[in-house]
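In the two complexes below, subunit A is the common chain; its partner is subunit B in one and subunit C in the other.
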Partner chain A sequence: MNIIICIKQVPATTNVQIDSETGRLKREGVESIINPFDEYALEEGLRLKEKFAGKVIVLSMGPPQAETALRECIARGADESILLSDKNFAGADTLATAYTLAQAIKKINPGGGSSTPYDLIICGKQAIDGDTAQVGPGIAEKLNIPHICYVRKIEEIKDGMLRVERLMEDGYDILEMKLPALITVVKEINIPRLPSLRGLLLAKKTKINLWNAEIINAEKDKIGMTGSPTTVKKIFTPPARKGGETISGSPEEIAQKTASRLKELKII
Partner chain B sequence: MDYFLSEEQKMIVDLCKKIAQEKIKPVRQHYDEIEEFPWPIVEEMAKTDLFRIYIPEEYGGLGGSIFNLCLAVEELSKVDGAIALCLAGTALGTFPILLFGTEEQKKKYLPDIAAGKRLTAFALTEPQAGSDATAIKTTAIKEADTYRLNGTKCFITNAGEAEIYTVIALTSPGRGVRGLSAFIVEKDTPGFTFGKKEKKLGIRASPTRELIFQDCRIPKENLLGKEGQGFIVALKTLYVSRPGVAAQAVGIAQGALDEAINYARQRVQFGQAIIHFQAIQHLLADLATQVEAARALVYSTARMIDADPEKRVTKESAMSKLFASETAMKVTTEAVQIFGGYGYMQEYPVEKMMRDAKITQIYEGTNQIQRNEIALALIKESASK
Partner chain C sequence: MNIYILEEKCIGCGLCLKVCIYNALTLRERPEHPKKYKLAIIDLNKCTFCAACVEECKKYSAIVLEKEAISCQPSAISLYKGVWVYAEQRHNEIAPVVYELLAEGKKLAQKLNVSLSAILLGDKISHFAQELIFHGANKVYLVEDTILKNFLDEPYSEVLAQIINEEKPEIILFGATNIGRSFASRVAAKTNTGLTADCTGLDVDLETRNLLQTRPAFGGNIMATILTPNHRPQMATVRHKVFPKAERDTTLKGEIIKKNVNLSNLIVRTQFIEFVKDITSKVNLAEADIIVSGGRGLGKPEGFKLIEELAQVIGGAVGASRAAVDAEWIPYSHQVGQTGRTVAPKLYIACGISGAIQHLVGMSGAKCVVAVNKDPEAPIMKIADFALQGDLYEIIPALIKELKK
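Let's turn to the complex of A and B:
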């Protein structure tokens, strides 16, 4: 079973700085980490590999320094890694990012005699910097494969079918879909492992494949800023909600006061 | 202090810090209370390759560096000296095989030990034979293809949980230490059972039990080194293992110092954080200096062993264990003092550190024995001038 994990390198804090002029994230001078939700994606991929054999390939689009994040994935047990780095990729919105990652996935050929180049693509549910949760499903659409978001458990993989539990606000759904497919995962799915010393030593030496727009046959007008139909108009912090009104007294008093207040507000 | 660690060594420190902070810290109080072996943590240590550090590459290890092992033990001990002992105690039980094992013995046991699949323990002490190894009573009498073991070992770290034991026993009773030999005894060998589990002041997550041998027959291939070499096996093992105890002590001391500094910055009395009082400042300054001095001594000794494993390190090894363990006891006691009444309470981490520190002055040779070793080395050095 070959699995592709899409990861993003993000600033190490949830308190990201935003450039007020461009509306984009400021990355300079901030320590970078693997997007925490992507760590669950990697862990799930590694567990599937341990169960079914195959390869785990990690894919990321980002600046050259995103290599560090990919090396960390190798240290934890990923077999190969690809960094999509090209100045023409810069400024991509979720649509252009999904297109770029999908183009790269079309190029991946892990070999090993499997009929499809990959069986499953796993993404974190969202990145902690942008918080859009759009790239995972976007990749699936571009590749024309089914997808399920917010997976909290993989129940079974059998006869080319995948059965999962999808986390909902008030419980969970059990869903099945045909492989190859894409899932995005939530933190409830597993506890990510730490890297091993042998993994860390290997990661130091390993080759990170560097792919640019040309290698993945990306159309110029579909990548980067040019390929991004959305632009950030304005970034602002929504005003904090004001505290509600407290009505106190005996139960009878509360009922009376509430009813008259609601009438006053013309709600009833 | 910058000790100019290599990239690999920094990697070991970083990884151990993660294990300590993410996996051990949340459960350290729990294991101290229930006094059970922390298998989930030991499995984590195995998965992350910590048991490979001190084993040569040809047996599935990462090179066999004592210094690297010390770095790992220190880092884990900053959070929990007892759980760190699961690693250090296994190293202690493995050293006799590393130092005196035949190629066959090494191939048979080391790969599993490196993978963390099987833990080990070292058994020298007996109820009547602590510092005085000449009083050992456990016998190993040769009978055709086997040795028959009889006797009791006590205070054995990792006992019951470990699967491979290196045991010192008398093959020629009456010949004193020259009659001692070293053996590998596997768990589940008929005639080999475990006695009572000790209730201890500290290092409670680490099991300490008796080993009982009653007509326990082991194959003659399990002899380590030659007959009569048992005392040498024990001594050489302790020379290389003592820096590990010292590293454990440095870790405990550093952990307590860090807690004390944090607490002193937060605790307000007489209208200000107590760290603003010179009484606290000078105390912290002295403690920090002692911890750094202990660390420098331990690192130097460990590097000396790695540079030339054949070199005699009796004196340096004893010095590092002596100084680091005295430092750990001093620093943890003062840390409790800085915490005041809170320090005495189990809700805060320093009382446990103080309880854990005490053992480092006692095991693998009491500090009185360390002083004997150092003095003897001084006399020898002086006489040979």
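Let's turn to the complex of A and C:
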């Protein structure tokens, strides 16, 4: 079973602090990490590989420094990695990104026993910098394969069928899908492993395949900012939420004051 | 596209460095400058053209972002008319966000002087059409087929893409639900148009008829207004509980249009087996008006019994911080925050939650925040409308008692 994992390197907003005076992000020294949801995608891929054999190939589009994120995936057990890097990819929105990744996936051919170049593509639910959750389904559409989002569990893979649980607002759906297919996964699906010492050594030496627009036969007007239907008109900082009143006293007093204030404001 | 610094305008203030989250900007010494001002340099290998620096440098206008003109066909764009709302339905219920979309869609339609239509897809769901009209839809496009009984991305997106190609709407709004976000993404990729996720503000530019889509990014730390200038339809998913619901008016009239869609070429590769309801949550967190959340400060899993009791008394849903979920005190489906759910209740009661940034962005849409915490310096206490300082095991029982009165 050959599995492709799509990852994104993102700024580690988890460590970001807010400047209390300006209400803005303190961005100095923000490091880059693998998008946290993509770690669950990678882990699920590695678990499937351990169960069914095959290869795990990690794919990312980004600037040259995104290489560090791919090396980390190798350290955790991925077999190969591909970095799509080209100045013409820059400024891509979700449609252009989905097209670019799909073009690269069409190019991937891991060989081995599998009849199809890949059986399953796994993406994280969304990236924490953009929060769009649009690229995964977009890739599936561009490759003309089925997809299921918000997968919280892979129940079974048998006879070319995948059975999964899709997280919904009020429970979960059980669905079956024919492979090859794409899923996006939520945090609940697993607990990602840490890199092994052997993996770290391997990651240092490994060759990251570097692909540009030409290698993946990408049409110029479909990639980067040119291929993006959406454009950012302006960016602004929302007003910071201001604190209100502190209610103190004995627990009974606090409870009484709080309840009456909430009733006054017609909140309850 | 290209981005560059106008050397004569740059004063080396370094503001742009501070807003660049990709570390693409540096300052270099400029001894040749009469005032020895430093000069900002952009590393194009790191730049993602996000335009944050351009915005920051407005005062000096020293940074220029040039976008290549895309060959747009204004004639084709003008063929697209009307505002659509996707009327998501599941388990014989219209998603509550749909009524919010109808109210907001109506405003946009009136500004653009076009009609508002609802798109209703499913099996045996025609009885909802009248309800959508009572909530403001001028037209309801209805497709009924057994294949559409349960939501599956492939057949649903095939059907919607066909109707889009026939009817050519200029705007389509979806709720930013699990279904909406997945479905809209596939339809946008199928029709090769722009989609903006999770909008919290919508307006139109009457001259260009562009939809101004405002959304949070970087976990709500930044707001961005996005356009789809040269493609139609303009698609957006919209956060629930941001816009008020449309009023129900039974005097409203509208047209129900049954669409016949050709599904003969469709190969359905996904199959619905069954739905398993989450019995632990009685109220849908995303739609809840009141949420009582517990965090690490509870100290033990049993603490959630108290949270549940308060939630029950006040008529709310139970939420949790990541710390409480990671400690396995409560299932992930209750997690509020960046890696959990985004909520927008009228009242959010945070008990023993310090208020890490990832949690705050998940509940920043709450109208009123009550925080119960021992630590007056906890971030959540700084943003709460009512900061209740003290031991939650004393305050919450007192609050339950008070509310029961």
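What we mean here is this: the second predicted complex is superposed on the first by the 216 of 268 C-alpha atoms of A that agree within 3 Å, B and C clash if a C-alpha of one lies under 4 Å from a C-alpha of the other, contacts with A are read in each partner's own complex, and residues count from 1 in each chain.
By definition in this document, a residue touches a chain if its C-beta (ideal position, glycine included) is under 8 Å from a C-beta of that chain, and two chains touch if they have at least 3 such contacts.
What you see is a predicted model, and the numbers here were worked out from it, not measured in a lab.
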Does subunit C touch more residues of subunit A than subunit B does, or is it the other way round? C
For A:Ala53, using the defined touch cut-off, is the partner it touches subunit B, subunit C, both, or neither? Pick first, second, both or neither. neither
With both complexes superposed on chain A, which partner does A:Pro195 reach: first (subunit B), second (subunit C), both or neither? first
For A:Lys204, decide between first (touching subunit B), second (touching subunit C), both and neither. first
What residues of subunit A sit close enough to touch subunit C in their complex? 11, 13-14, 16-18, 20, 24-25, 27-28, 30, 36-37, 63-65, 87, 90-91, 93-95, 98, 128-138, 140-142, 145-150, 152, 163, 165-178, 181, 186-188, 221, 224-226, 228-238, 241-248, 251-252, 254-256, 258-259, 261-262, 265, 267-268
If you look only at subunit B, which of its residues touch subunit A in the complex? 7-8, 11-12, 15, 18-19, 22-23, 44, 47-50, 52-53, 62
Would you mind writing out the residues of subunit A in touch with subunit B in their complex? 193-201, 204
Touch list for subunit C against partner subunit A, complex: 1, 18-23, 44-52, 55, 67-68, 70, 90, 150, 152-154, 157, 177-179, 181-182, 184-186, 188-190, 192-198, 212, 216-231, 269-278, 281, 284-287, 290, 314, 332-333, 335, 338-340, 346-347, 357-358, 360, 364, 367-370, 376, 381-391, 394-395, 397-399, 401-403
